[in-house]
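Lettered A, B, C, D and E in written order, each chain numbered from 1.
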Amino acid sequence: MSRPARLVLFLVAAAGVAALLVVAFLDLPPFGSPFHPYRDRAVAAAVAHATANVVGSVTFDQRGLDTLVEETILLGSVAGAAALLRPSKEERENTTVPEGGRVLEATKLTGYLLLPVTLLVGIDVVVHGHLTPGGGFQGGVLLGTAVHLLYLTGHYRALDRVRPLPVFDSGEALGAAAFAALGIAGIIAAGAFLGNILPFGTFGELLSAGTVPVFNIAVGVEVASGVIVLLAKFLEQALRVQREAVS
Amino acid sequence: MVPSADPAATHLAPLAFTVPIIVACLLLALGRRLPRWAVDGLATTTAAAVAGIDVLLLMAARDGRVVTWAGGWTPVDGTTVGIALVADPLGVGAALIAAILMLCALVFSWRYFDSAEAHLHALMLLFLAGMTGFVLTGDLFNMFVFFELMGAVAYALTGFKIEDPTSVHGALSFGVVNSLGAYLTLCGIGILYARTGELGLAQLAVALRGNPPEALLVTAFVLVLTGWLVKAAMVPFHFWTADAEAVAPTPVCLLFSGIMVALGVYGTFRVYHVVFAPVLPAPGVQCLFLVFGAVTAVVGAVMCFAQRHLKRLLAYSTIAHVGLFLLAFGTLDAAGTEGGALYVAGHAGIKSALFLMSGVILNRYGSVDEIDLHGRGRHAVLLPWLMPLAGLALAGLPPFGLGMGKAVAEEAVATAGGWWAVAVFVLVSAATGGAVIRAALRIYRGTGRAPEASPPGTEETSGTDEEAEVSGLLQRVPLTMLVPIVVLLLGALALGVVPGVSEAFHAAASRFTDGAGYVARTLGAPAPLPAPTAPSGWTLSGVALSLLSSAMALAFALAALHHDRLPATLRAAARPVAPVLRGVRALHSGHVGDYVAWLFVGVAVLGAFLAAGAL
Amino acid sequence: MTAAIAVALAMVAITATAVVFTGDPVRQAVTLSVFGLTLSVLFLLLQAPDVALAQIGVGAAVVPLMVMLTLRRIRRHR
Amino acid sequence: MTLYVYLVAGWLLLVGSLGIVRSRDLVHTVVCLSVAQSGTYVLLIAVGYQRGATAPVFGSTTPPSENVVDPVVQAMTLTDIVVSATVTALLLALVIQIAKRHGTLDPDHLSSLKG
Amino acid sequence: MNPWLAGAVALLVGGLGPALWLGARRDPVHRLVGLELGGAVTVLILLLLSQAAGQSSYLIVPLALVLASFAGTLVFTRLLSSRP
C-alpha cells in the first residue's frame, strides 16, 4: 500500500472504532461515581488481612496470581531481550571498556551523593510497600536505576565493577522463583495456592499483612536485578559489541 | 454443599503453570553452569511432568469442572475478591495438547542451536506456562495477563535467530500487532469493569444477567475479542502470522501453528459462552463467525497454494484452518464445538509433524524453497512417504482424527450455515492438503518441470536464504528429529480410530457451550447438567466428503505440477484469477503500518457487523 | 478538583499528540519523558500514588535510557 | 466531564496507533506503541476514580474508611505498566537487530517479507 | 477548592504548560530545557497535590521524581552528545 492509501484506510477505520468507543462511553457510569462493588469488597478484605495499602493487598494477596504472571512476563522479557541482544556470529565484545566523555565535576558529585539516597529510597519503597504507596516493583525500578547513576555520571568502568552480571542474572531468576515457591508454600501450609500463610499482625505496623511484605521483597529483588541486566545488555550493545574486522 | 472432586485435584491447576515457571527460573539461574544434556533433560522432563499434571486434571475434570480459588478466596454468597482457575475438559484438553507439542518440540531441538545457552529452553517453558494458564483461568483480566506472557515470550522466540534478517523483521511485526490487539482487549476489559465492577468471567455473567443488548456490550465484546482474534489469525488480523511463523525456529513454529492460534479461538468462544451468550443474540454472533470464518479460510487457502516457501506455505494453511475452526465453533452449539475441538486436536498433530518435516528439510538441504529443492530429496528414505501422507491427512483423509473432526464439523455447519459452508470446508482443506502434496512430490520425487533460474528481484519470499538451525547441514536425519514426527502422526491417527474419542469430545463440548453451568459451578451453586445430546462420529457422508477432499487435494497437486499439460480451456479459465491473486499477495506487504491499519479495519467492521445484528 | 483533572487530561492529550507527531526519534525521546511527567501528575490527581510512582520509575529513567542507548547503537552502526 | 475523560483515553489509543501507521522509523513506531498503551492506563484509572475520595492507602495513622478510590484498577494499571516497559524493551532489542541486518529502520524500505 | 489545589492548578497552567511548549518544539537540546523545567515544576505540583489531599504518604512520589528525573536528565545530557 502507498503511504496515502494506508493513511486513508486507517483514518476511516479509526473513525469507526472511535464511534464504537463513544457509544460505549455514553453508557458508562458517570466519572467519579461511587459505584465500585469490587472496591468495597477489596477494602474489607485488605482490612481483614491487616494490610494498610489496599493496592498492595490486591496486588499480592487478593489477585496475587496476576502479579505472579506479571513477574513472569518480566522474567521472560529480560531473558528474551538478553537472548536477542547477544553478540551475533560475526560480532565480538570489546574487552577494553570505554571510559566515556566529560561530565561536569558538579554533576559527578551530585551523582555520587544521590546514589546512596536513591538506594535508600528504593529500599524504603520496597520494605514499606504494604503500608505506604509503592512496593516491590516501584522500589525495584528505583534500585535498578540508582546503580546506573554511575554510568550516567561518567563511570562506566565503575559500573562494570560493582555489577557482576551473573549475580544479577541469578538474582532475577531467584526472585521470580521465590514468588512461585511462595505460591506453592501456600498450598502446603494453608491449602490454597498463593494463600497468605504468615500471621497478619497489627494493622499499620511494619510486621503486618502476612506474606505481602515477603512478596514485595521477592519482587523488589527480581525487578532491581532485571532492570540491571536489561540495561546492561543495552549498554553492551551501545558501547562494546563490535562487528569483527574482516581479515 | 457443592459436589467437589478430590480436594487434591484443586491443586493441580496452579501447579500446571507454576512448575514450568520454577524450572525456567532454575535454568536461567544455573544455565551457564549446566551442561547441554542436563538443560535438555530438565526441560524435556518438565514438559512431560506438565503433560502428566494435565492428564490427572483431565481425569478429575472428566465429569464436570475443577474450580480452584487462588489465595483461598472462595466466594461467600457468590462474591469474592479472588481469581478462580476453572478447569473444564475442553480447556484442560487444550493445555494437554500444548504440553505434548512442547515435549515433541523440545525432543526435536536436542540437536538444535548448539551455541544457544539455556535461554531458549527457559523461554519455551515460560511459553508453555503462558498457554496453560490462559486456558485454565476463569478471570478476564488474568486471561489478559497470561495472554501477554504468551505474547512477550513469543516475540523473543520468533526473533531468536538474530542473524536472519527475516526473523527479526517478522518478530517486530508480530510484537507490534499483537500488543496493540492486547491493548484493545484491555480497553474492553476496562469498559466491562466500569459497567459491572467485576473481572471474573462467572461474576461478569452474573452482573450482566438480564441486561438488554446495548451498544456498550457490543463495543466491549468486539474490543475484548480483538486481542484473542489477532492471536487466532482471523482475517484481517492475520497479517503477522505468516511473517512470524515462517521465520521462527522450527520447534517454535510447531507451537505457534499447532496450538497458539487455536488458543485465540478458545479465548473467543470461552468469553462468548460464559459472559456474552445471555446478552448478545446468538444469530448475529453466529452469522459473524460464519462470514469471517469463511473469508479467513478462503484467503488462507489461496495464499497457501500460492507459496513456494515451505514454512510460509504451512503458516498460510494454518490461517485457512483457523477459518474452518471459526466456522465450526461459530455454530455455537455442542455438535459444532465437538467437531471444531476434534479438528483442532487432529490439526495440531498433522500440522506440527509437517513443521518438523520442514525443519528437517531446512537442516538437511539448507533451504525451504520448494522450487529450489526440486528433486533434491530423491534419496531420502522415510519422509518421501510421510510428507504426502500428512498432506492427505491435512485434507481430511480417514481415519485420521482431523478427518473425523472435519466430518462432524461439516454436519454442524450444514445445519447452521448451509451447503456453501460445507463447500468451503471441502475446497479449503483440499487446497491446503494439495499444496503440501505438491511440495512433497516436487522435493522428494522431482515431479514437474525442473526449475529455471528465477528472475532476481521477484516480489515474494522464497526461503532460499533461510538460516539453518544446526551447525553444518545434517547428513542423515537423527532419531531425535524423526521420532517426534512419527509420534505426532500416530497421535493424529489414534484420535480417529480409538473408540470413545468422539464421545469424550462431545461431553467436553457440551460442558464448554454450557455457560450457565460454568457460572454456577464457579460461584459454588449446584450446576444443572446440560441436556444430553447424541455424539456424532464418523458418518457415511462424512467419510465420503473426506475422501472427496483428499482426492481433490491430490488432483490440485498434480494439476499444479503439470499445469502445462492441462487442457487449454482450463488454463484460459484460470487466467482471470492471476490479477486477483497478485492483488491479495500485494496486501501482505510485510509493512507494520499496513498491518495496524488493517487491524483497525477489522475492529470497525466487526463492530458494525455485530451492531447491525444485535441492536 | 474536577478543574485540575480536566487541565491535566488536556495536557496529557496534547503532549501525547506532540510525541506522536515528532518524527525524529531523538527529539521524540525527550518529549516522551515530558509526557511521562504529565501522566504522573494525572495519576496523583486521580488518587493513584502507587501508579504515579511506577510511572515515574519507568517513564522518567528506564525507558528513556533504553531508547537513547538503542539510538546510539543504531547511529554507531550507520 | 465523563465523555471528556474517556475520550482523552480513546484519543491516546488512536493517536498512538496513527503514529505507528505514519511512522518512518521503527524506534518511533515502538514509542508510539507505548503512547497507545498509555490510553489504557488513563481509561483504567479514570474508571476507578470517585469524587472526593482519597487513595486506598491507609498508612498507620488514617483509620480505614470506605471513602477511597478503586484499588483494583490501580493494581491492573501497575501490571499494565510492567507489560509496557518489558514489551518496549523487547521491541527495542528487535529494532537494534533489524538495523544491523537491514541497514535501515524505515518500514517502507524493509522488504524481506512479502506475499 | 483548597488553596493548595489552586496553587497546583496555577503551576499546572503557568509552569507545566510552558515546559510542554519548550519540550515539544525544535531540536533535542531545546526540548531538554523543557524537560528540565517540567521536572522541577512537576515536583512542586506533586508536593502541592500531596498537601491538597492531606496525605503525607503521597510525599514519596515527588521524592522519587527528584531522584528519577536527575537520572533522566543525565541520560539526555550524556547521550545527546556524540561522545560515548
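Heads up, the rule we're going with is that contacts are C-beta pairs under 8 Å (C-beta built on N, C-alpha and C of every residue); 3 or more make two chains touch, one makes a residue touch a chain.
Predicted model only: the values in this text are computed from it and were never measured.
Colleague: Fewest touch steps from subunit B to subunit C?
Modeller: The least step count works out to 2.
Colleague: Name the chain whose C-alpha centroid is farthest from the C-alpha centroid of subunit D.
Modeller: B
Colleague: By CA centroid distance, what chain is farthest from subunit C?
Modeller: B
Colleague: Please tell me the distance, in whole Å, between the geometric centres of subunit A and subunit D computed from their C-alpha atoms.
Modeller: 15
Colleague: How many angstrom lie between the centres of subunit A and subunit E, each centre taken as the mean Cα position?
Modeller: Roughly 22 Å, centre to centre.
Colleague: Where the CA atoms of subunit D average out and where those of subunit E average out, how many Å apart are those spots?
Modeller: Centre separation, subunit D to subunit E: 20 Å.
Colleague: Roughly how far is subunit B from subunit D, going centre to centre by Cα mean, in whole Å?
Modeller: 28
Colleague: Residues of subunit B that contact two or more other chains, please.
Modeller: 141, 145, 148, 152, 155-156, 159, 162-163, 168, 187, 191, 193-194, 199, 589, 591, 593, 596-597, 600
Colleague: What positions in subunit A touch 2 or more of the other chains?
Modeller: 6, 10, 14, 17, 21, 25-26, 28, 32, 36, 38-39, 42, 53, 55, 58, 63, 66, 70, 73, 77, 80-81, 84, 88, 125, 132-134, 137-138, 142, 145, 148, 230, 234, 237-238 - these are the residues of subunit A that touch more than one other chain.
Colleague: Multi-chain contacts in subunit D: which residues touch at least two other chains?
Modeller: 1, 5, 17-18, 21-22, 30, 46-49, 51, 54-55, 57, 59, 68-69, 72, 74, 76, 78-79, 82-83, 86-87, 89-90, 92-97, 100, 108
Colleague: State which pairs of chains touch, listing all of them.
Modeller: Every pair of chains meeting the touch criterion: A-B, A-C, A-D, A-E, B-D, C-D, C-E, D-E.
Colleague: Under the definition above, what is the set of subunit D residues touching subunit E in their complex?
Modeller: Touching subunit E from subunit D are residues 54-55, 57, 59, 62.
Colleague: Contact residues on subunit D for subunit B in the complex?
Modeller: 9, 13, 17, 20-23, 26, 29-30, 33, 36-37, 39-40, 43-44, 47, 72-73, 76, 79-80, 83, 86-87, 90-91, 93-95, 97-98, 101-102, 107-108, 110-115
Colleague: Okay, in this complex, where on subunit C does subunit E touch?
Modeller: Residues 1, 3-4, 7-8, 11, 14-15, 18-19, 22, 26-27, 29-31, 33-34, 37-38, 40-41, 44-45, 47, 49, 52-53, 56-57, 60-61, 64-65, 68-69, 71-72.
Colleague: Within the complex, which stretch of subunit A touches subunit B?
Modeller: Residues of subunit A touching subunit B: 1, 6, 9-10, 12-17, 19-21, 23-29, 35-39, 41-42, 45, 58, 61-66, 68-70, 72-73, 75-77, 79-84, 86, 88-89, 166, 169-170, 172-174, 176-177, 180-181, 183-184, 186-187, 190-196.
Colleague: So in the complex, the part of subunit E that touches subunit A is made up of which residues?
Modeller: The contact residues of subunit E facing subunit A are 57-58, 60-61, 63-64, 67-68, 70-71, 74-75, 77-78, 81, 83-84.
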